[in-house]
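One chain, subunit A, links the two complexes that follow: it is found with subunit B in the first and with subunit C in the second.
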Partner chain A sequence: MSLLNAIVSPGFFTSGPVLTAAVVGGGAAIVSGLVGVFTVIRGQSFAGHSLADVSSAGGSVSFLLGINPLLGFLGVAVLAAGAMELAGLRRAQERDLVTGIVLGAGLGLTALFLYFDMSTQSTTGAAISVMFGSMFAIPASLIPLSLGVGAGAVLITGVIYRPLLLSSLHPDLAAVRGVPVRLVGLLHLLVLSLAVTLSAMTIGAILSTALLIGPAATALRLARRPGHAILLAMLIGLGATWGGILLAYDSYDWTSGHSWPVSFFIVTIIFLAYLLSGLPTLRSRA
Partner chain B sequence: MLEAARPGTAEALTVDRLSLSFPGHAVLREVTFSLAQGAFCGLIGSNGSGKTTLLRTILGFQPPQSGEVRIGGLAGPRGRSSIGYVPQKIILDTDMPLRARDLVALGLDGNRLGLPFPSRARARRVDEMLQAVDALAFADQRVGNLSGGQQQRVLIAHALIRRPRLLLLDEPLANLDVRAVADIVTLLRRVAVEDNITVLVSAHDMNPLLSSMDRIVYLANGRAASGTTEEVVRTEVLSALYGHHIDVIRVHGRVLVIAAGAADEIPIAVERHPAHVAEIP
Partner chain C sequence: MFASFMMNTWIVATVVAVVAGCVGFFVVLRGATFAAHALPLGTFPGAAAASLLGINPLWGLFVFALAGVIGIARLGRRQRNDVATALTLITLLGFGTLCLSLSGHYAQAVYGLLFGQIIGVSTADIPPVLAISLAVVAAIALCVRPLLLNSVSPDLGAARGVSSAGMDLVFLAILALATAMALPVVGALLVFSLMVGPASAARSFTSRPFAAMALSVGIALATVWAAIALAYYSDWPIGFFVGTFAALAYAAARGWQWASARTGSRRLA
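Presenting the complex of A and B:
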């Protein structure tokens, strides 16, 4: 028991904030694994990162107005996804340029709103929460909405799974089979904004890319089939999230009473998993 | 290899006075030809002659300004539903989590909604198709790890698994080694003859197709000439098509198409593909 106590500090499983973090974070990890695999094979990693950064404007506004931060992140992410699709840029270089410019503008708004947050409410925590997440501060009341958003993302991706896979492979292969390639792309962008919103809520807007891209990129190195890649990405994300929560909770005991941020541990585990997957012995199997 | 395509008296493909221009230049000018069911045909022309645009117009990706395309006598989406297609320069990333057999299965039901549920009938159909293109040996490898010729085989299986009436391939022989080129041509010829599927292959070099083509559609300056190779690949016909004098030279069973004259009238085939000259035995 003493060994178990050393790994899992007393009170871990009975702590309300820990359970809320595990549920909301776990949901975010599962959705990110699913959506991340498609995002990586479609070459939209930068778009995913930008959606997250831009959504931080919504997160910071919600602190200011006192509304549910999930709704703030979500509203802005979906708007930005729609704008990216409307721009309808075909050339990758042009797309990256516009994405980068919109991303800059979004972060500028975030800076303004966070300034208002601090000056009107003297809450210095808002900036850290929005950008880097504060998982143990997630209110339990957020669980139903976040699970609903996650279920929506999984459902949409499940419905368009095959057309999305085919059009990710080559848009013409999908178009010749009568797949509405643009609509499928738009739906994926919508799902991407849902996934990004969930992970922005947990590990923060800036770090959400890590949860979206890291497990997916690792899984793509190891799996040979799309379904396996998705399951593996979900498991890596889930392992990193729950492992990160555990380590952060434990870090209260190692440090002099200040636990380190959960986001740090999650991102570090994801990074290590990616490095490990590059080992030749693992890669050669795929 | 497959069940014979449905019999029909209608031509497999009819292209009727098809015209299309992009701002500043006409890409296709009243292109007209038709192909019989089960014919093996080459769509030949130098780079930029409009081959890809013509294929994309047949596929319905690019609306023409005038003219019509009919497939099996049907215009519009109903006709197009019986096309199989292998696009140009498809890049299958090595990290793409897709085995050869997954790519072929996507040809069967990649347009359907919902998750794919494995069924024995589906797996058998995919196996038959892989067998038909000699791809069973590497069916479980990632598509990104296959050679160019192996990838073409898998893409052809993907395009054929729904038993189309017409198979279009955009430059399937580009970037393949000599051996793979010969293998793919043999495979496509077999598809046309044994399965009664009309196969239209675009290529900037007609030589690998020369001995097996039933018909040739030659594109230059947006205009097309079609017929048998003997009818089309002649000095008079190609000179009329290009609008200036062209020499057609036959050497050791190969054909060279060369624009004669001043240095600014650069040879069409030779200029862009100097390797063709070097290849002459």
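Presenting the complex of A and C:
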């Protein structure tokens, strides 16, 4: 029992904010694992990161207007996904540029809204909680909506699973087979914005890339089949999120009452998993 | 607007715009938009790490920028480039979050580092900015030919003895230097907007490299000057104006390209 107490600080399982964080964060990790594998295969890490960053404009607006932050993040992410799709589809070379321009403009808006947040409401924490997340401050009332968004993302991906996989691996082959490549790409971008919205809520806009890309890149190194890679990515994401929550909760006792940020632990676990996944290939090469 | 306390801002912002215009040209040419975003964003917590150790913030920024360059280059050997960049970015940021939290460097400071603040540039800030800018411009001038060749056609460059990996490292190092220099003054996200917007607009107007580089510097200067003036009068954050103007410049360039393509085809017909 004392060992258990050393690993898990007392009160962990009965704390409301911890449970909410575990549920919402776990949902975000599962959805990000699923979507992340496709994002890595398609080479859209930058788009995923940009959508999350831009969605922070929505997060800061919702602070300003006092509406549900999830809706703010979500609305702007979907808008940005549409703008990227409209402006930059024709040439692959232009895609990154357009993503960058949308990102720059979106971050400019975030700067403006955060400035309004800080000057009108004296909520000085807005910048921190929008950009870096505030996992233990998620209201329990957000659980149904966030789980609904996550389920929607999983459902859409499930429906377009085979065409999406084919068009991610071999766009030309998919086009020959009659897959509507453009529509599938647009749907994936939509799902991507749902996924990053969820993780932006939990670990923050600029770190949601960690949940999206880290577990997926690790899983794709280890697994041979796409289905296995998705499962593995979900598990790694889930482990990192819950482990991070646990460590952050415990860290309250380490530095005399100042807990360390959850995001730090989550990212560290994800990066360690990535480094470890490189060991087998190193050995086989030697 | 030209009061004495604003003079430092004007000087530093002008220097930053010139450097960003030059570096941005290569960012756009090499399609390295993600790296140009990831390096500044991953570097900004370096200032917090430095203040935790009680040293000059510039050193913290340099160490973080260097770590970013090494990370992108090392991981890029075995991963696709965008994944390597993303992994480097999140690792730096994750560690940075801890430094920010431990240093008690909160809200206002983070906001300034991310989005930039136009006042508060001290006279002591100017010499390092000038020195590093000169180093960046000199480095570009020294390797402009191999860098151009490698950016346009890596294969042709390799045939002429220009190593692709070496040029990648040179480019990333230049990007990191420019980033660490500009960051404390204009903010992490603004550096990125200034690099990508003007350069991509310039490229739509001309295909000659040196003309495009000059035009990119010109647009960057116009963007920054207009942004400072408007930020001064409206009291809104400068990052908003720079981001918006950079996007507008790009949209205008695309529109011009489209219009000239139309009149061109009509002339042919």
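One rule holds for everything that comes next: the second predicted complex is superposed on the first by the 276 of 286 C-alpha atoms of A that agree within 3 Å, B and C clash if a C-alpha of one lies under 4 Å from a C-alpha of the other, contacts with A are read in each partner's own complex, and residues count from 1 in each chain.
Assume a contact is a pair of C-beta atoms (placed from the backbone, for glycine too) under 8 Å apart; a residue touches a chain by one contact, two chains touch by 3 or more.
This is a predicted model, so every value here is computed, not measured.
Chemist: Tell me which partner A:149 touches in the superposition: subunit B (first), subunit C (second), both or neither.
Modeler: Touch partners of A:149: none, neither subunit B nor subunit C.
Chemist: When the two structures are overlaid on chain A, which partner does A:31 contact: first (subunit B), second (subunit C), both, or neither?
Modeler: neither
Chemist: State whether A:224 touches subunit B only (first), subunit C only (second), both chains, or neither.
Modeler: It touches subunit B, and subunit C stays clear.
Chemist: Which partner does A:105 contact after superposing on A: first (subunit B), second (subunit C), both, neither?
Modeler: A:105 sits against subunit C, while subunit B stays out of touch.
Chemist: Can A:178 be said to touch subunit B (first), subunit C (second), both, or neither?
Modeler: In the superposition, A:178 touches subunit B alone.
Chemist: Does subunit B (first) or subunit C (second) touch A:278, or do both, or does neither?
Modeler: second
Chemist: On the superposed three-chain arrangement, identify whether subunit B or subunit C touches more subunit A residues.
Modeler: If we count touched residues of subunit A for both partners, the winner is C.
Chemist: For A:162 in the superposed arrangement: first (subunit B), second (subunit C), both or neither?
Modeler: A:162 contacts subunit B only, not subunit C.
Chemist: Show which residues of subunit A both subunit B and subunit C reach, each in its own complex.
Modeler: Of subunit A, residues 40 contact subunit B in one complex and subunit C in the other.
Chemist: Residues of subunit C touching subunit A in their complex?
Modeler: Residue list for subunit C touching subunit A: 28, 31, 33-34, 36-38, 41, 78-80, 82-83, 85-87, 89-91, 93-95, 97-98, 100-102, 106-108, 110-111, 114-116, 189, 192-193, 196-197, 200, 236-237, 239-244, 246-247, 250.
Chemist: Touching residues of subunit B toward subunit A in the complex: what are they?
Modeler: These residues of subunit B touch subunit A: 59, 61, 77, 80-81, 83-85, 87, 90, 92-93, 95-99, 102-103, 106, 109-116, 140-142, 158.
Chemist: Once bound in the complex, which stretches of subunit A touch subunit B?
Modeler: So the residues of subunit A in touch with subunit B come to 37, 40-41, 158-163, 165-166, 169-170, 172-179, 219-221, 223-226, 228-229, 286.
Chemist: Tell me, which parts of subunit A touch subunit C in their complex?
Modeler: Its residues touching subunit C are 40, 43-46, 48-50, 93, 96-97, 99-112, 114-115, 118, 124-128, 131-132, 206-207, 209-210, 213-214, 217, 255, 258, 260-261, 263-264, 266-268, 270-271, 274, 278, 281.
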